[in-house]
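Before any comments, here is the structure.
Letters A, B and C name the chains as they come in the text, with residue numbers starting at 1 for each one.
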Amino acid sequence: MTGRRSNALTIAMAVLLIYFLLPLFWLFVASTKTVGDLFSSFGLWFAHDISLFSNIKQTVTNDGWVFTRWMGNTVFYAVVSAGGAAFLCALGGYGFAKYRFRGNAAMFGAVLGAIMVPTTALAIPTYLLFSKAGLVNTPLAIILPSLVSPFGLYLMRIYAQDAVPDGIIEAARIDGAGEFRIFFQVALRMLAPGIVTVLLFTLVATWNNYFLPLIMLNNPDLYPITVGLAAWSSQASAGGGTTGAVLSLVITGSFLSVLPLIAAFLLLQRYWQSGLAAGGVKA
Amino acid sequence: MIINRIRRRTAVGTALALAAALALAACGGGSGSSSGSASQAQAVSQSDIDKAMTTPTDLTFWTWVPNIQKEVDLFQKKYPAIKVKVVNAGQGTPQYTKLRTALKAGTGFPDAVQIEFQYIPTFALTKSLLDLRPYGAEALKDQFVPWTWQQVVGSGGQVWAVPQDSGPMGMLYRKDIFDKYGIAVPKTWDEFAAAARKLHAADPNVSMTNLAQSQAGVWFGMLWQAGVKPFETPSADSVKIDLNGDGSKKVADYWSGLIKDGSVSADADFNDAWYQALNRGKYATWLTAAWGPVFLEGSAKATSGKWRAAPLPQWDAGKNVSGNWGGSTTAVVQGTKNPIAAAKLAEFINTDPESAKMFATQQFLFPVTKALLADTSFVDRPLPFYGGQPVNKLFAGISDTVDTKFQWPPFLDQTVSDWNETVGKSFANKTDTSSALDQWQQRTTKYAQNQGFKVDQ
Amino acid sequence: MSVDTADRRLGARAPGRSQGHRQRRHGVTHGRTGYLFVAPFMLVFVAMLVLPLAYAAYLSLFQERLIGGTVFAGIGNYTRALTDPRLLHGVGRVALFFLIQVPIMLVIALLAALAIDSGLLRVAKLFRLGIFLPYAVPSVVAALMWGYLYGRDFGPFAQLADKVGAAAPKFLTPDWMLGSLANVVTWEFTGYNMIILYAALRAVPHDLYEAAAVDGAGAIRTAWSIKIPALRPALLICVIFSVIGSFQLFNEPQLMQRLAPSVIDSGYTPNLYAYTLAFTGQEVNYAAAVSFLLGAVIVIASYAVLFITTRRSRA
């Protein structure tokens, strides 16, 4: 571990980096173009007119500011689901890690096995059950299924195993603290990096969720951004009455929609990296 | 008539069903309906209608027509008691998927819904649509172009929807490209093929047209023009499937010949590559529907002034026939609590002169009423994108040449999906389209049999 | 280096380091409290996963026809699925996808993680975040972007090929399609896997490296004989997730279908097939059976991976 650097390695990695950033660069370039230039200029470079701001304005105000509503919905669904999922996982993971009770291993195994269930297998029956409960076309239809994160539970269990030393729990018990008080006042803080990790990954999962809201929601006012963009995109592709101009909205909208998640990952990177370390090593 | 029997059995007990079952009385004798039985629908009385239209009511209307609130506002102005909530639940297939799941769940479905012509039998089969005869829909018949009305009428005489807009097919062509290569506007498909080969020889980067590998709608339009009857439904539980008869094979051989030698392309349509191709002059023509001209204007701005419109080339010189691609209707959903108000909404927005004209002039939907197609302020309007040609006039003329007897299958989604994987695939891979037709026929037949239909090939 | 110290500090706190003290779990006396802790998760789990699944199992035993209504079908849907050539082709295709795409993706992810961890890179942090960035992009957007780049006539690659006089790459043809999809998936998930591996590398005890350096081992030698073996558990996680992801492949082919509808047919992947059956063919019951069988395939494949790797490590 000396301070020497390898130029060859840096260049090789730079090539790889270009590959990963190229489509995003295209997206940025495309969102600066007018509809006409979008179809008639070279894709990977800017056209003569830079109309990024007018595109943004058009995208955001189109159809009575529906884009901002979709973004707001997405943030709401993602934050509530991710917060709830992280809390359930922290509580459950701690329980599985720190208590011995009948069925511990069996239950945990069942949860892990559930990762393998294909999502489409669940979508239709969930829809039918939700409609019987009157939950279809409400925010709960998106939030409730997103509260279950088997991977999150797995991560939290592994993390809790070592991050919260048994000795500290024991000491707290001797001091007369109740089990839940120990969890909330002692363990929770130690679990923070793990919780942030689960929070971020469920945040991504809900943010990118497409299939579930697609079938659960009928009312465009409740759409998250993915379904909204796909709806615009299918307007552009279904023909009959609408025009290719929508495509420009789809592109600018896509560009705007990826910014918040990227920002969240950049800001919180210290946490999720250490949280993941636990899951990876102890597998 | 089996359809009446089914209807009676499932719907007895509800006021709705009573009305529907007795509606045949209004059908005018001689239609072969089971006269004398108790299965005839009774018209809802005017006083019931008046009462319903003055009772405060909330309606939900699913449609993807942009800014349709303007038309709906006219309706609400006339009937202040009725509040209509307009919901865009997706365009075409996504909306149908939602409608189906909502109907299956029994909650969350709208009162009125936009449905494309070709999907009416599919939704009629699953008893998702309300017969509009009891609400006076039959009286509207004469206001509409005959083939559009025929498309909304069921095999038992039911009126499943009110037409909203249509897509009689014509040909948009690049005058500049035709001029450059000395091509005259083709009047027959033979001339079209000759022009295609000439153009391909002169410039391999331009194709005469693009027959999209993803667009079963155009294929059906081509069959329609050629007088082919791919589907007939003699009764509700039987279907006649003829996807690979002589007529179809003629059309198939024609196109697969052109696609194989490269003079016609088969790119998937309505994606960005296709938009770019239109903007950059890859296609010399677009075989499209009456809604196509305005659509193109918005999508290929770079080519303004270069396009013109003409009728579709003909199979027989001197004839003048066309088919239809696209267009929608307004239907009322079976199970609505407000059948009268919903039926009147469907009627009003499509027949009120002001509302119907708004569809044509604000949303640029191609009209289905005889009055609008004769309205000079609509048909004579010159379009600068087409060098000042009054394109609407041309398509209004074409609308009269659409055959009235074309029928859709009661399971369109599956038929289209199978088309993509047989006929569409043969376009893409430049393989034999004729044998793809046989596969299409076989898959569709098997599906129908699996679903319990009596299939007559 | 200074860029990485913050992580290192956190890494030191991370529990992975302390492999040694796997304590006995706490006493039986508090066992019942354990139920209270896991109850909220398990309740939601049962309501949102087990219940719908049971309902789907129930549905899969019936057949609903457009004409004639619903009849009990027993295992009829399952026997039909097992002999359905389109389903079998789809399973074969995703298996192929798994065998080709996953090794490529994981090798890239591994090399990138090792490179970033090696300390030999300039601006290592930029690389780490840049490669991870695609993970934050919804697949709806990813498919849109790549679909444009793949464009046959006017996509940038086609235009570049045209400029140098080469034949345009045929990304969307039947022969290339699986590769093109593999590329999108690789693009989306390499960074995710890289981060898991990198995080695991950060937790490898530092003294091992120093010992190796004393022995005169170079960077490559250290990577091969110390780092990669230490990554085994993390790699296993990545492989298992990739099994699941590959066999459930849905979003990317579904969204790319528009570009090449005749190449990506409704049976292209098993999940897409189940979706089409349910929503296009209205065969909900058969779709449920197909999904169940797919779940079984995934379980078998995951166990196969576990079995192979654990046997090798024992040998």
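Operating definition for what follows: a residue touches a chain if its C-beta (ideal position, glycine included) is under 8 Å from a C-beta of that chain, and two chains touch if they have at least 3 such contacts.
Listed by chain with UniProt protein names: A, C = Multiple sugar transport system permease protein; B = Multiple sugar transport system substrate-binding protein.
Please read all numbers here as calculations on a predicted model, not as lab measurements.
Trainee: Suppose you hop from chain A to any chain it touches, then on again the same way; how many hops at least until you reach chain B?
Mentor: When the steps are counted carefully, the minimum from chain A to chain B is 1.
Trainee: From the C-alpha centres, identify the chain that is farthest from chain C.
Mentor: B
Trainee: When the contacting C-beta pairs are counted for B-C and for A-C, which pair yields the higher total?
Mentor: Result: the pair with more contacts is A-C.
Trainee: From the mean C-alpha coordinate of chain B to that of chain C, what's the distance rounded to whole Å?
Mentor: So the centroids are 42 Å from each other.
Trainee: Provide the C-alpha centroid distance between chain A and chain C, rounded to the nearest whole angstrom.
Mentor: So the centroids are 15 Å from each other.
Trainee: Which parts of chain C, given as residue numbers and ranges, touch two or more other chains?
Mentor: Expected reply: 148, 151, 154-155, 258.
Trainee: In chain B, which residues are in touch with two or more of the other chains?
Mentor: Counting only residues that touch two or more other chains, chain B contributes 97, 270-272, 276, 280.
Trainee: Indicate the residues of chain A shared as contacts by at least two other chains.
Mentor: 39, 124, 128, 237
Trainee: Quick one: which bits of chain A touch chain B in the complex? Just the residue numbers, please.
Mentor: Per the stated touch rule, the residues are 35-36, 38-40, 124, 127-128, 131-132, 134, 136-137, 214-215, 218-220, 231, 234-245, 247.
Trainee: In their shared complex, at which residues does chain B touch chain A?
Mentor: Within the complex, chain B contacts chain A at residues 62, 64-66, 87-92, 94, 97-98, 101-102, 104-108, 165, 167, 269-272, 275-276, 278-280, 289, 291, 294-295, 297-302, 326-327, 363-365.
Trainee: Hey, which residues of chain B end up touching chain C in the complex?
Mentor: Touch residues, chain B against chain C: 97, 100, 125-126, 213-214, 236-237, 267-268, 270-273, 276-277, 280, 282, 410-411, 413-414, 417, 420-421, 424-425, 427-429, 447, 450-453.
Trainee: What residues of chain C sit close enough to touch chain B in their complex?
Mentor: Touching chain B from chain C are residues 65-68, 147-148, 151-155, 174, 258-263, 265-266, 276, 279-282.
Trainee: Report the residues of chain A in contact with chain C in the complex, numbered from low to high.
Mentor: Touch list, chain A to chain C: 1-6, 9-10, 12-14, 16-17, 19-24, 26-27, 30, 39, 42-44, 88-89, 91-92, 94-102, 104, 107, 111, 113-122, 124-126, 128-129, 144-145, 147-148, 150, 153, 158-159, 161-163, 165-166, 169-170, 179-180, 183, 193, 204, 207-208, 210-211, 226, 229-230, 233, 237, 250-251, 254, 257-258, 261-262, 264-266, 269-270, 272-274, 276-283.
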